[in-house]
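What follows is a single structure, and I will ask about it in a moment.
Chain lettering (A, B, C and D) follows the sequence in which the chains are written, and residue indices restart at 1 in each chain.
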Amino acid sequence: MPIMEKGLVINHQQLAQDMYVMEFLAPSIAKECKPGQFLHVRPGNTNDPLLRRPLSLYDVDQEKGSISLLYRVVGKGTDLLTGLKVNDYIDIMGPLGRGFSLPESPKNALLVGGGVGIAPLVYLGRVLKERECQVTVMCGAANAGQLVVDDKFQQLDITFLSATIDGSAGYKGLVTDLLVTQVKPGGFDIIYTCGPEPMMDLVALYAAIHHIWGEVSLEEHMACGVGACLGCARRLKASDETYAKVCKDGPVFNMKEVEF
Amino acid sequence: MPIMEKGLVINHQQLAQDMYVMEFLAPSIAKECKPGQFLHVRPGNTNDPLLRRPLSLYDVDQEKGSISLLYRVVGKGTDLLTGLKVNDYIDIMGPLGRGFSLPESPKNALLVGGGVGIAPLVYLGRVLKERECQVTVMCGAANAGQLVVDDKFQQLDITFLSATIDGSAGYKGLVTDLLVTQVKPGGFDIIYTCGPEPMMDLVALYAAIHHIWGEVSLEEHMACGVGACLGCARRLKASDETYAKVCKDGPVFNMKEVEF
Amino acid sequence: MKNISAGQDIDLRVNLGGILMNNPVAVASGTFGYGREYEDYIDIAGLGAVIVKGTTLEPRHGNPPPRIIETAAGMLNAIGLENPGVDVFVNQYLPYLFEKKVTVIANIAGNTIEEYATIAARLEGCQGIAGIELNISCPNVKQGGLQFGTDPVMVKNVVQAVKAETSLPVMPKLSPNVTNIVEIALAAQEGGADALSMINTLMGMAVDVRTRKPVLANIFGGLSGPAIKPVALRMIYQVYREVDIPILGGGGIMNATDALEFIMVGAAAVSIGTGNFVNPQMAGDILAELYYYMQENDMKSLNEIVGIAVQK
Amino acid sequence: MKNISAGQDIDLRVNLGGILMNNPVAVASGTFGYGREYEDYIDIAGLGAVIVKGTTLEPRHGNPPPRIIETAAGMLNAIGLENPGVDVFVNQYLPYLFEKKVTVIANIAGNTIEEYATIAARLEGCQGIAGIELNISCPNVKQGGLQFGTDPVMVKNVVQAVKAETSLPVMPKLSPNVTNIVEIALAAQEGGADALSMINTLMGMAVDVRTRKPVLANIFGGLSGPAIKPVALRMIYQVYREVDIPILGGGGIMNATDALEFIMVGAAAVSIGTGNFVNPQMAGDILAELYYYMQENDMKSLNEIVGIAVQK
């Protein structure tokens, strides 16, 4: 059951120019979390910014009762978050939304992330490993400096391949180029992806061509985060008449349901 | 000439539950400052709170190029200020307004402050001492804990008398009772006062009765702080047809001009 | 919250023109779904009223996204009245709320006066509805899309038509996008309104400078949140002086002080809208603080201060 | 700022219906005094225009305090048009501004149509006025206090009356407190307006819960600042589609992105009001950023994007 909680910040670090990771204690929420779900975070106490901001579960330590978020500073909400210090409290609601479907039996899973879209794939990777899946991560970023999570995957003993636009680390080019040109198809049973829409579009195409089951995590502006305001509507297929609620029906959807 | 400057915070301390003192380097503004003037401070970067907040010059060190403010947390603007840390910048305009008139020759001066109204009297006391005046300060507060500036006056070798409502320090009662009942009239040539209006009203009455020249520092909500918006209007005498601008014509006014 | 309304000396109950509320804090239509969405966070039966999402005769899919965007101390929404239609509301949502003992105010919207009347007729006799809020910020398709709420004659007619079909108290929700809100309020009263709900959103928009297009697919949206509070207070002040029916006040309420401002300009009860998104427990928090305020000020009923700031 | 407007390829000049501005960033009436008050902070001759404080025929003392109060992302003001009257303006303030080569737009306000016309006549032939902004958010005493700006017929008449007395470009400043802003804009255009200024403040109020009274002595005040930006953008968008005269856009502009939003919905130039209080150098900062934006986007003139977000 999602609830409201004040998380006690226990760690807050700048990983790259505009990327931060924050860990806080929120035991009641932590014990409910599943990969792919998100928290709705109040960035400040005044009326500007006003609304909460949705941020994916980047990692969860259920024993410790802690949750980590990985975020990129893009506007005033995320900018305000950077001001939180250890021992401050963060006002959160969650866990919200439908997370990733987890395989019942061990599978060979590919996780494709772009930019800060890598965030939910870390927690997903951890849980898949717990379920004895084989996990490969492909991560795209602008440059080596933006590849901030490789060590996380290494710790989890997950194969990590990277692609950078400027070639400063890993494959030079888009992560989808890496996927299409460098990876032998047929090896994966299941694909999860989160990142920019054009990237997810290509990943979904790849999965369709190779008949691989997969899920994508979508974004939409949100107000309530709980399915009450109907603000986060998304038409999944151009032919659909109705809209899905990204906050409640998603943010994770089956690749086949979505048209980019 | 008043200007805009980013002051580099070099000291920020909590003096009582709701009272803070902040010192920052702002050499260009510091060299223009006179006692009784104020700074117009931007409390944050977002639109709520929106307007600047006027705060009196509490102390100025022209050699060091630093300015100190003493403030009480009463709302969201002052609350935000408390978050500024050493090495942060504070966005200020000033010095603004008409400060206290300073005597040409050494005088025997009485300074009466109530609550955080004591703030401008510290800098005033310093400058009066530099001009070889004899200075006595009377300060009213709710309790001993709110009397946060006595050491400042002691350092300046200024006689300091206090009154607290609960009697936890100094005279038990209002500072105006202290003034009227405990002080031999006739000793002072000049009186300056800043604090709650009823207090200033009585101080002005005392000065009038004893034919002592004096000045008061008034407050009014402000937007521009420079005389442009006409928001800080104040009718000085009930009989006046026109309004004074507290930010530009004041905040310091001759006691005789003001009717409370 | 429930034990609060059971306080001995303090009576929190409000009779809003026949809509009986246990306490003066309601949640606004469109910001609280059908109540259930917020059940994990707050005791929805303890709320003064849950004004459910606007209901139309037929199901509506709503507007394409983006539907919302944050603005300074506010937000714009152009949901486009997405809802499953009155039949689904009555058959699927209402029974649950009735069972949970939630005080429900239905909110209805139509394209024509007849549609409003038909929806009201469908709601007649349904268990668990305390009253009907009429969303009149809708375009009247027969009048070339002119909003019902901007024309006094249309306002009077739509209220009359709905009153004719229902035994429930009827509370039109006034649009603030008008030159003369008093004229509209008086027309609603003449039409037989039992109470007034004020205010709906201000019409606004935002531009995405990067794409050089309006942010909202619908171009225009309704502005809500703290940004509009001064306008809401002013309109309620103006209307309170002139009408004899009670007012449900809202627009940017975020805390008990805000709620008291609305009460002091004439609101007999208040509604929390956008505030629910910021803090799903806001309505409960405000109620608790109002109760505390009443204790502190030795009050038995909020009526003692309704309209106290208004110079009649 | 001056060297900015001298950029070789980029032409920042704006012809606002005959009001010639060196660049598109003006400061709004009542928020910048007579320019001199901000001289220590910004080169006032480098501004697109300084729209001076509203001038009436006779001196006015203004409203009793409190006159202002901050609200969420905005502020309310009820200054009450304190000003020394048109003669003092012409004899004491204008010559200084003329000497300093400031682009001055006079802002005039009256109690009757005749008063507007008389003030305009007094300004005729005075050196250093680039145009007249008509503040029509004033009560018409002959019509029982109904605001000029809320009635299309009065709007047309007052514009016509002023046009008859002046050879200067005339720019009525529209009140947003109306049901149909397009109707008002068209009336102004019919009356002969050379440009439109949009928008003036929204009418609002605030309550002091402690005293249980309105905060402002005048009860009601004008809401300005970022809170109203969505409403301003919407109204300019609506009006731009229908009128043929240029629009000076403002209402809550705080940075260049805001300014671009206004330009993209149809403003040929922008005005900074409440923003000056927050940062007296805001107009200069915005101009510099607009220039940078034009460079980045290979633009020669802002005209290339005026109204680009509007679907005609």
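Methods note: a residue touches a chain if its C-beta (ideal position, glycine included) is under 8 Å from a C-beta of that chain, and two chains touch if they have at least 3 such contacts.
Just so you know, these numbers come straight off a predicted model, no measurement behind them.
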item	value
Chain at maximum distance from chain C, centres defined as averaged CA atoms	B
Result of counting contacting C-beta pairs for B-D and B-C, higher pair	B-D
Separation of chain A from chain B, taking each centre as the mean of its C-alpha atoms, in whole Å	53
Length of the line joining the C-alpha centres of chain B and chain C, rounded to whole Å	47
Chain centre separation (chain A, chain C; CA means) in Å	36
Residues within chain D bordering two or more other chains	72-74, 225-227
For chain A, residues that touch 2 or more chains besides their own	47-49
Chain contact graph, described as a line, ring, star, complete graph or other shape	complete
In the complex with chain A, residue positions of chain D that touch it	72-73, 226
Residue numbers on chain B that touch chain A, as the complex places them	44-49, 76, 80, 83
List of chain D residues in touch with chain B within their complex	30-33, 37-38, 40-41, 53, 61-70, 72-75, 77, 79, 82, 225-227, 254, 274, 276-281
Chain A residues touching chain C - in the complex, by the definition given at the top	1-4, 42, 47-52, 93, 220-235, 241-243, 248
Chain C-touching residues of chain D, taken from the complex the two chains share	71-74, 76, 150, 177-180, 202-207, 209, 212-214, 219-221, 223, 225-231, 233-234, 237, 252, 257, 260-261, 264-265, 305, 308-309, 311
